[in-house]
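Letters are used for the chains, namely A, B, C and D, taken in the order the chains are written, and counting of residues starts over at 1 for each.
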Amino acid sequence: MSASLIVGISGSASSQSYNTALVAAAGSLLGERLDFVLASGLEDLPFYTPDLDGDSIPESARRLRELVGRADALIISTPEYNYSTTALLKNAIDWLSRPYGAHVLVDKPVAIMGASQGLLGTVRAQLHLREVLHATNCDVVARPEVFVTQVGVKFNESHELIDSPTRSLVAELVAALLDLAGIDEARDVA
Amino acid sequence: MSASLIVGISGSASSQSYNTALVAAAGSLLGERLDFVLASGLEDLPFYTPDLDGDSIPESARRLRELVGRADALIISTPEYNYSTTALLKNAIDWLSRPYGAHVLVDKPVAIMGASQGLLGTVRAQLHLREVLHATNCDVVARPEVFVTQVGVKFNESHELIDSPTRSLVAELVAALLDLAGIDEARDVA
Amino acid sequence: MSASLIVGISGSASSQSYNTALVAAAGSLLGERLDFVLASGLEDLPFYTPDLDGDSIPESARRLRELVGRADALIISTPEYNYSTTALLKNAIDWLSRPYGAHVLVDKPVAIMGASQGLLGTVRAQLHLREVLHATNCDVVARPEVFVTQVGVKFNESHELIDSPTRSLVAELVAALLDLAGIDEARDVA
Amino acid sequence: MSASLIVGISGSASSQSYNTALVAAAGSLLGERLDFVLASGLEDLPFYTPDLDGDSIPESARRLRELVGRADALIISTPEYNYSTTALLKNAIDWLSRPYGAHVLVDKPVAIMGASQGLLGTVRAQLHLREVLHATNCDVVARPEVFVTQVGVKFNESHELIDSPTRSLVAELVAALLDLAGIDEARDVA
């Protein structure tokens, strides 16, 4: 019996991204009995268009669909660009959400969060993201909502999440995700 | 004195896109005294990240900013993917909306519309798009709202907009845009 | 053992409301083994304010909380006024959603739908309603989404839902609600 | 020549409302040459329904329409209840937005803001409110956006706005509103 697989997705393409760091922090809270993989190469995906989505699809899209298809649950962190989620993340979701009705996101347990330098913590981006994910028919954790503000003081210089209340909140989100996914961490043995 | 320039932006990367056809239809309604250019190469833009947005930026982004910077007004048409606008369009807007407070979208007159095969005509995508454009501080036409449904019967096989009520509505949108932009078409001579 | 109770809520105060008729239609599809009650008197609720929400609350609010507290699931139908849900419905939800964290909507299974004379079928109102209900921490059915357009041809003069595809869709929504609520209709005996 | 009239609307029915205090603060920043009236009696409006909106309408609705009809501009402050605006405010807007296409909100200059005890400052309520006002075809100030957080430290015990940065931001909003409305405060003499 293999361990459950949790896949992390960061909505940022920046090498300095606090959202990538936040997904990594969530992954580190999962415990050693679960497999955690951070999805990579999202910036290599072409913009979704039906023209490219036929019998053969770009290799980057095929790999992402395959990884998410194997996942028992997803953890997504989104920056907020212009009051919405990022094109990088939206594009990944658009690729994942096809073919209609038979794609890898259907019924997939998903946790969302986000981090920003300002005081609103991506609340607007997450409103959009929640609607987008509703469209895909995946199963999004309702609570807690994680709006990480003022990232400069919540992470250290190595981009580790050091703020204790935020760590607790992320742990609570992870627990809610595992519960939604029916994963009993104590029993999950590789 | 040069003619006013209207730039069209399609949110679709598909060669068969009805949204591209809708932007072209709007352009054809502008009259010969105005210059109309359909922005191209949006699919060549990398996903926006601050890492790439420094003293030098990708050539595709530089060209888009330059074109939109010269425009007197924009006409955007968006598909609806997963209840929101497309990553292609969102990414273009994100590139256009920097640097903060000093970018080419500030106070830019913009008209939005959208076309879909279904019955809702991109109403959800346009709600998101309107919020995103509000974030950029451009000046979006309020009325009319153009939700083109059932594209298969509104366009002919050459992707020309043949539905008369829709043509009138697009003409009304174009007139509202020119009015907002302070462009008097009758006087606008190249 | 008593029968399960489903409570219907109409977002309209009109005596001629198609949304009230839609809730009634959903109720009639529940089968005789379930109890169905249409919440009444929502127009008697004062506008929610903390001033009125103390140790004693208005009788109309007390009765609504009591009814919903006994319900195993809710079916809500909303008109669309100005791109959003109605004040009548929002006010009822605001009364139901207190006290914070210990109210009757927590984890309550809820199905939403809406009917309009136009072609959009309350899609915008339901986007707002879904966000409002997310705030209350109830458990909203994801699919199917029921946007009833052109009510004049879907209902007869007695305000009975006669459109067969719409009846099937409402039946599908009711089935999804009962499934979410863990109600096995066949076994539910008064 | 009479002075310009600015009408304030608070979305709260509470006697202790910080949103009412915020509208009053905005009014006090208008200067003595402008008339400012805080709309009262919104809690006396019945819930909007077409049944009540005929040749004769409730006196409370008639008075509100008359007051807003005389106004040169509106200043609205909304609490956030359940991630949205309040039923009290939504109901007032619904009454003001009829009859369709010929109502008092068409082209009316409007400024919006909001105050909350928490850290998000009604950002979600204002997103909904902005969409609702867009539906009414009024003309909403785009910038600045005023999200007043942690009201307990921004107002004193007499509910006067004492936080200096917030006062400046409200003054900036008022100036933008007057500019949008074409009101030159210096020249506006009763």
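Quick notes on this one:
Simple rule for what comes next: a residue touches a chain if its C-beta (ideal position, glycine included) is under 8 Å from a C-beta of that chain, and two chains touch if they have at least 3 such contacts.
Values in this document were obtained by computation on a predicted structure and should not be read as measured data.
With centres computed as the average of Cα coordinates, no chain lies farther from subunit A than D. By the residue-number overlap criterion, the interface of subunit A with subunit C counts as same, with over half of its numbers used by both chains. Our note on geometry: subunit A versus subunit D, Cα centroid distance of 39 Å, whole angstroms.
Put simply, the C-alpha centre of subunit A and that of subunit B have 30 angstrom between them.
Those residues of subunit B in touch with two or more other chains are numbered 124, 127, 131, 134. Only residues 119-120, 123-124, 127, 147, 149 of subunit D touch subunit A when the two sit together in their complex. Listed in rising order, the residues of subunit B touching subunit A in the complex are 12-16, 42-43, 46-51, 81-84, 86-88, 90-91, 93-94, 97, 124, 128, 131-132, 134-136. Every residue of subunit D that touches subunit B in the complex is listed here, in rising order: 127, 130-131, 134, 137, 139, 142-143.
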